[in-house]
Structures are given as C-alpha cells and as structure tokens.
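Some structures are shown below for you to check.
Below, chain A partners chain B and then partners chain C, in two separate complexes.
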Partner chain A sequence: MHPELMLMLLADARLPVAGHTQSGTAEAALANGLTAYDVPSYLRTRLRSVTLVEAGTAVVARHRAQVGEPLADVDVAWAARTPSGALRQSSRGQGRALRRLAERLWPDALAPVGELRTPSRAAVLGAVSGYLGLGSGSLARLVGYDDVQTVCAAVLKLAPLDPAVATGWVAGALPEIAALAAEVADLKTPDQIPAVGCPQIEAWAEAHAVTSRRLFRA
Partner chain B sequence: MPDHPDRHEHAPHAHPDRALRLGVCGPVGTGKSSLIALLCRELASSLGLAVVTNDIYTDEDARYLRSAGVLAPDRIRAVETGACPHTAIRDDITANLLAIEELEEQYDDLDLVMVESGGDNLTATFSPALVDAQVFVLDVAGGGDVARKGGPGIERADLLIVNKTDLAPYVGVDVAQMVTDATAVRADRPVIGLSRSDRASIDALLAWVRSVLDSHRAGTLVPRDPGPMARHVHAHQH
Partner chain C sequence: MTGSDPTAALLRPMVLHHDSEAARISLVPEGALLLADDAIEIDVTVDAGVRLDLVEPGGTVAFDMRGRRARWDVRIRLGRDAVLTWAGEPFVVAAGADVARRFDLVLAAGAAVAIRETLVLGRYGEGPGRMSQHSSAVLDGVPVLVEDLPLDATTAPGLLGGHRVLCSVLLLGRSALTDPEAASDRLDLEAGGHLWRRLGAHAHEARLPDAWAAAVRAIG
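For the complex of A and B:
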C-alpha cells in the first residue's frame, strides 16, 4: 500500500479513535484567558514543546519497532519528559483507543507494544506507523498536523468563528510542523527525545483534569 | 435474500458472555438519569450494574447518579464527548467502548451496563455496535404530539418510555392517547407509560429489562439500529 494513502488514513479526523474528545488543552487555555487571537502562537508553542516531545517519542518508537527492539524505555523516556500526569493520562487514553482500532485492522503492528499495559499514544502510533510503512518524517508531520487540527477544531467548537480563519491557522502552522519534523525525523534512541516542557500548558492540563465542567477530555 | 449462516445459532453480534449493554437516549430533560437511577435502585440487589454517562459538561449526570447513592460511585463513569454527543454514541463510539471495557475489566460481576446519551435531539440513537438494546425516553411535559411525530428513536428503539405520566393532568396531555399514538408508529414494539409513583409501570419496565437480559444471555438478542433515516416506504408494490 502506498504510504501516502496510509498517512491520509491516519491523519483523517474520521479515524475512529475518539479524536472528537480532544482539544489539545485548548479548552483549558481558553477558560484561563487565551483568546482566539492567540491561537496561532499557542499552536507554535505546542509544536516547540509538548508536541515536539510526542513527535520525537513516536519517531523513536517507530524505529525501535522496526528493528525489533523493546519500547518500554521509550515510553519511560516520554513519561519523564511529560511532567503533567493529566497529559500522560490523556495520551495513554488515546493510545488505548488507537490500539483498539489497530487490534481490528493491523493486529501484527501491535507486537512491539504488547508488553506495555498502557502505552502512550506516541508509542502505539510509532509501532503502527512502522508497520504500515510510514517514514519517520511522515510520522513526525502526522503528529504535528494532528495536534494543530485538534486544537483548531476544538477552538471552532468553543469560540466559533469563520471556519476559514481556523483553516488559515492550520495552513499558517505548516512550516512550523515541517520544522518540527526535520528536528526529530532522524532520532533513534530514547535519550535523543527532546526534553522541552511547557509549564503553562501543563498547568492548564492539570486544572482541566479536575474541573467538572469539561466538554473535552483534555 | 441469502440466509445468514449463523442466524440459527447465535445472532451475528451476540456476546452472551459479557454484560448486557443497554442504551438510554432521548431529548434533554425527559428523565434519562432518573430512569437509570430507578433501574439501579430496583436492580442493584439482584444484578451487577455499572453506568456510563455522556453529558454535555463531563459529569453532570454522573454526579447526579452518584449523589443519588444508588450505585457505588466508581461504577459510574463519565465520558467527554467534545460537544459531539451524537458522534460519541453513533459514528465514533470509541470513548464509550473504552469506558465500558474498563468497567468490565475492573468488575467481574457485571450483568448490565447502562449507557446514558447526552441529551440530544429526536434524531439521536445508539449504534448497535455500542449497545445491545436501547430505550428512548419521552415525557408528557414535552407535549402530547411528540410521539405521533415519530423519528428513529420513537419509532424503532427497542422500548419507548413515555415518562412522568403523573404530570399529565397538569400539562393537559392525554396519556392514553399519547401511548396509543406512540404504539401506532412503532408497529409491535413496546411502549410503557412510566411514573415513579405508579408501581405497575415500574414493574412493566423491570419485566422488559429482564426479558432483554434473558435473550441476551441466550444469545438470541440481535442489536438493531433504529437508524437516523426515515423508514423506507415503497412507492409501489414490487
């Protein structure tokens, strides 16, 4: 199968992995003072911090899966670089959703994460991507693109505006996504995964996890 | 029409070894949460129960059920729908399935898992891939003509509840007529006029739930999609 088609499949919001329950912490950010005007810089901040960690983790997981080495320490490296428990829990929930889909469609892809009880989304996505023949650059761009679309789609629900404006934000973020991919595409080992936290996003994610007025899971 | 090879054995989607998954949907305010609380009160002593809620704001319904004290708080889980309550029960049911599977992993005594939809409009019904059977809830206060208007849940949910019948005199609704109208659009599917002050109606509801549970355990329950679409009507005889 052409890897480009597989990439489209995985990047499609219609993939049944509960993507509609995610806001990329945008709901908490808007609740705490971020405005729609700030969204482009919020996207950029994510692509240089939490999303960079996720993309780097996915690329290393993909490499490990392809050479048949274990992923446990990749997931540990990701967890060490994701200090917010709420963000880790959210990622593990998404990992479970993707694993559930892969169990039906590509069960052999899951062998590398079989030993992990609750793998991160990055670990599962890395394993699945390697199995489906996606290159590491494509995988990194997928992680970045999905993050940007997740935030923009959630903002459209939370603070509605002309959807062309939101798609303009996505288009405007594409060079930054490409830069992220260039930074992590060649990573091979867990110690190379970028360790770039974003305390403000982490604090928002923590606050969101304990509010009882959520629309989005995270 | 070709015969399905397994039709005479277990139904294609039957899972008699796991808990029955019962969906409860219907418009906002018709009494879905109270219906679930009622079922918990009546059934908790004889069945292993759990509940998954899909409210607008995370855990409004879950908190109501927890505060009602009818079930251990940890057996009531809330699913966020990202402002897409319809999607979460119909086209991407993943979040709900994961919540149910987590409950099944943690509690090995489950007989019945109830899934409450976020209060949606008349068109929202559960995917048969998510629930084995579903109840659609209307109430008399919503108006006596709602049942006659029809819609997928009203016409084809496995059970239609016309709730709060005790309020009928105060809102000028003829319950018997509303139930007759509902029955007319539902062919032979059951309708129950329910009030928590009417013991006979509660017993009828419990009998229905137990009969569905029996057919689920026997492997003969076929989850049916009420569908989002209007019933297909042939313009002419073939």
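For the complex of A and C:
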C-alpha cells in the first residue's frame, strides 16, 4: 500500500483511537488562564517540548522495530523524559487504543511491542508506522500534526471560535512541525531522544487528572 | 571547582561537621559568582554507605555577561546505600546572563538523594537571562529522569507559563508516597521517587517547604 495513503489513514481524526477524548492539555490550560489568543504560542511550546519528546520516541521505536531490536529501553527513556504521571497515563491510554485497532487490522505490526505491558502511544505508533511503510520523517510529522490538530479541535469545543481561525492556527504551525520532524527524523537510539520538559504543561496535566470538571480526559 | 581563573577555586567546600559515617559541608563562594567565562565544576562523590549533607550560605546570581557565557556543571556519584541531601539556594539568572548548567547524577543501588533548587529568571523587575539546564539521573544503571530546560526570553513564557520562578525538590531512591504533607505539587516518577515542582512569580511564592521536609524525612 502507498505510504502516503497509510499516513492519511493514521492522521485522520476518524481513526477509532479515541482521539476525541484528548485536548493536548489545552482544556487545563484554558481553565488556568490561557486564552484563545495564546493558542499559537501554546502549540509552539508543545512542539518544542512534550511533543518533541513524543516524536523522538516514536522515531526511535520505529527504528528499533524495523531492525528487530527490543523496545523496552525506548519506553524507559520516554518515561524518564516524562516526569508527569498524568502525561504518561494519557499516552499509555492512547497506546492501548491504537494497539486494539492494530490487533484487528495489522496484528503482525505489534510483535515489537508484545513484550511491553503498557506501551506508550509513541512506541505503538512507531511499531505500526514502520510496519505500514512510513518513513521516520513522515512519522515525526504525523506526531506533530496530530498534536496540533488535537489542541485546535479541543479549543474549538471549549471556546466560541470561527473554525477557520483554528484551521489557520494549524496552517500557521506547519513550519514548526516540519522543523520538529527535521530534528528527530534521524534518531536511532534511546539516549538521543530529546528531553525538553515543560513544567507548566506538566503542572496543568497533573491538575486536570484529578478534576471532575472536564470535557476531555487529558 | 574552577572559574575563569583556572588556578582559583570559586567555591570553597567548608566542613561544618564530619564523623566516620556522615559529613555536612557548606559550599562557600569566594568572590563574586557567576560572571562571564566562569566555568564551575562541582564533583560530588559519596562512597558506599555514608551520608553527605550539602548546604549553601546564600543564593547565586549569574550577572549580565555582555554576550559571553558561563557554565555550571555538577557531577554527583553515589555509591551503594550512600545518601546525599543538597539544600540548594536560589539561582538567579539576571538579564544578559547566559548560563549552561548540567546536573549529572549516578546512583548505585540503595543510594538516595534529595536535592532542592530554585531557578529565578531575572532579578526583581527585569527580564530573564538565558539559561539552558540539562539534568540526568541514572539509578542502578537505569535512566530515571532526563530533562532539558532551554530557558530564555522567548521560551520561558511557554515552558514556565509566564512565571519567573521554578522551585524543584527531587527525591530519588526513596519514596514519600505515604506522606500526606507532600502530596501536592508532586510528580511521581516512573521508576519511583518524586519531583516536586512549583511555579511562581516570586521566589517566596514558589517555595516547597513541605516537600523538602518530606524528602529529607524519606531519606531518613
């Protein structure tokens, strides 16, 4: 199958992996003072920190799956770079959903993550995308793009906005997504995974995990 | 510990107390810290089974470096069952400062560490300087915390949510999960241990006294 079509399939919000339950911590950010005006800079901050970590992890997981090496220490490296338990849990929930879908459609893709009890989303996505023939740059762009769309779609549900404005934010973030992909596309080993933390997003994610007043799980 | 004049120590380790199992040492600056071209290297080694408590007599200000840079590297090695506490005082990055800080911790099995630090971006009423901090901790051969914080006037508003002060307490090798005093502001690390974090506009808002007390209690 053409990798471009596979990329479209994985990037589509209609993929049944519960993407609609995610806000990329935007719900907590808006609850704590972020305004719609700040969303473009919020996207940039994510692409340079937590999403950079996720993209780097996915690229290294893809490489390991391709060459038949274990993924366990990739997830150890990811967890060491993700000090927030709320963010780890959210990633693992999404990893579980993607794994469930892949079990039905591409069961052979999951062999590399078989040894992991609760793999991160990045590990599952890395294994699946490699199996489906996506290159590492495409995978990194997918992670960045999905993150941007997740935040913008969630903000549209939380704040009264013209949808064209939100799509404009996505379009405006595309160069930043390309830069992220260029930074991580050639990574091969867990120690190379970027480690840029975002103390503010981590604090928001932790607060969101224990509130009952929320539309989005994370 | 060396600075821009490599023959001069810039931080003097002053022994406050020591016996066969423990030592308490104050890191006393000799002269102004931190200036352009300073290169501070602090190597801390605690052998198996003993305890070291490090304190600082006051905070540190990294001053305007007028286009030049400084570095502050800390390497910590703890032997089996060794213990380190380090009650860090505020590290202020004045406007115009450009500092690269590294914290590398390697803990053998059974070792434990509690470290407090407060980063302040800019003195009162001024903008932030530039500071990139790399931290890594390895416990019994496994990476348990790796973090880069590239902070400057463009990134700090996003990474720190518009706050000027980031206070952290790191506890590795022990757990404070049962300590109710220390539940808020606490990130529970995957490999056990905790990182407490609080952001604030001013240093007194971002203190973590309960977390520090809990971390020191957990160390024993």
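Basically, the second predicted complex is superposed on the first by the 218 of 218 C-alpha atoms of A that agree within 3 Å, B and C clash if a C-alpha of one lies under 4 Å from a C-alpha of the other, contacts with A are read in each partner's own complex, and residues count from 1 in each chain.
As a working rule, contacts are C-beta pairs under 8 Å (C-beta built on N, C-alpha and C of every residue); 3 or more make two chains touch, one makes a residue touch a chain.
Keep in mind that what you see is a predicted model, and the values were worked out from it rather than measured.
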Clash or fit, chain B versus chain C on superposed chain A: fit
Superposed arrangement, angle subtended at the Cα centre of chain A by chain B and chain C, nearest 10 degrees: 120
Touched partner set for A:Q89, first chain B, second chain C, both or neither: neither
Contacts of A:A203 with chain B and chain C, given as first, second, both or neither: second
Touching partner for A:A97 - first (chain B), second (chain C), both, neither: first
Partner chain in contact with A:A195 - chain B first, chain C second, else both or neither: second
First, second, both or neither for A:S212, with chain B first and chain C second: first
Chain B versus chain C as contact partner of A:T118, first or second or both or neither: neither
Partner chain(s) touched by A:T45 [first = chain B, second = chain C, both, neither]: second
Chain B versus chain C - smallest C-alpha distance in the overlay, whole Å: 21
Footprint overlap on chain A, comparing chain B with chain C: none
Chain B - residues contacting chain A, complex: 56-60, 63, 79-84, 87-88, 91-95, 97-98
Chain C-touching residues of chain A, taken from the complex the two chains share: 32, 41-42, 44-45, 48-49, 76-77, 79-85, 88, 191, 194-200, 202-204, 206
Interfacial residue positions of chain A with respect to chain B in the complex: 14, 16-23, 93, 96-97, 100-101, 154, 157-158, 211-217
Touching residues on chain C, where the partner in the complex is chain A: 134, 136-137, 142-150, 155, 157-161, 163, 166, 185, 187-191, 195, 197, 199
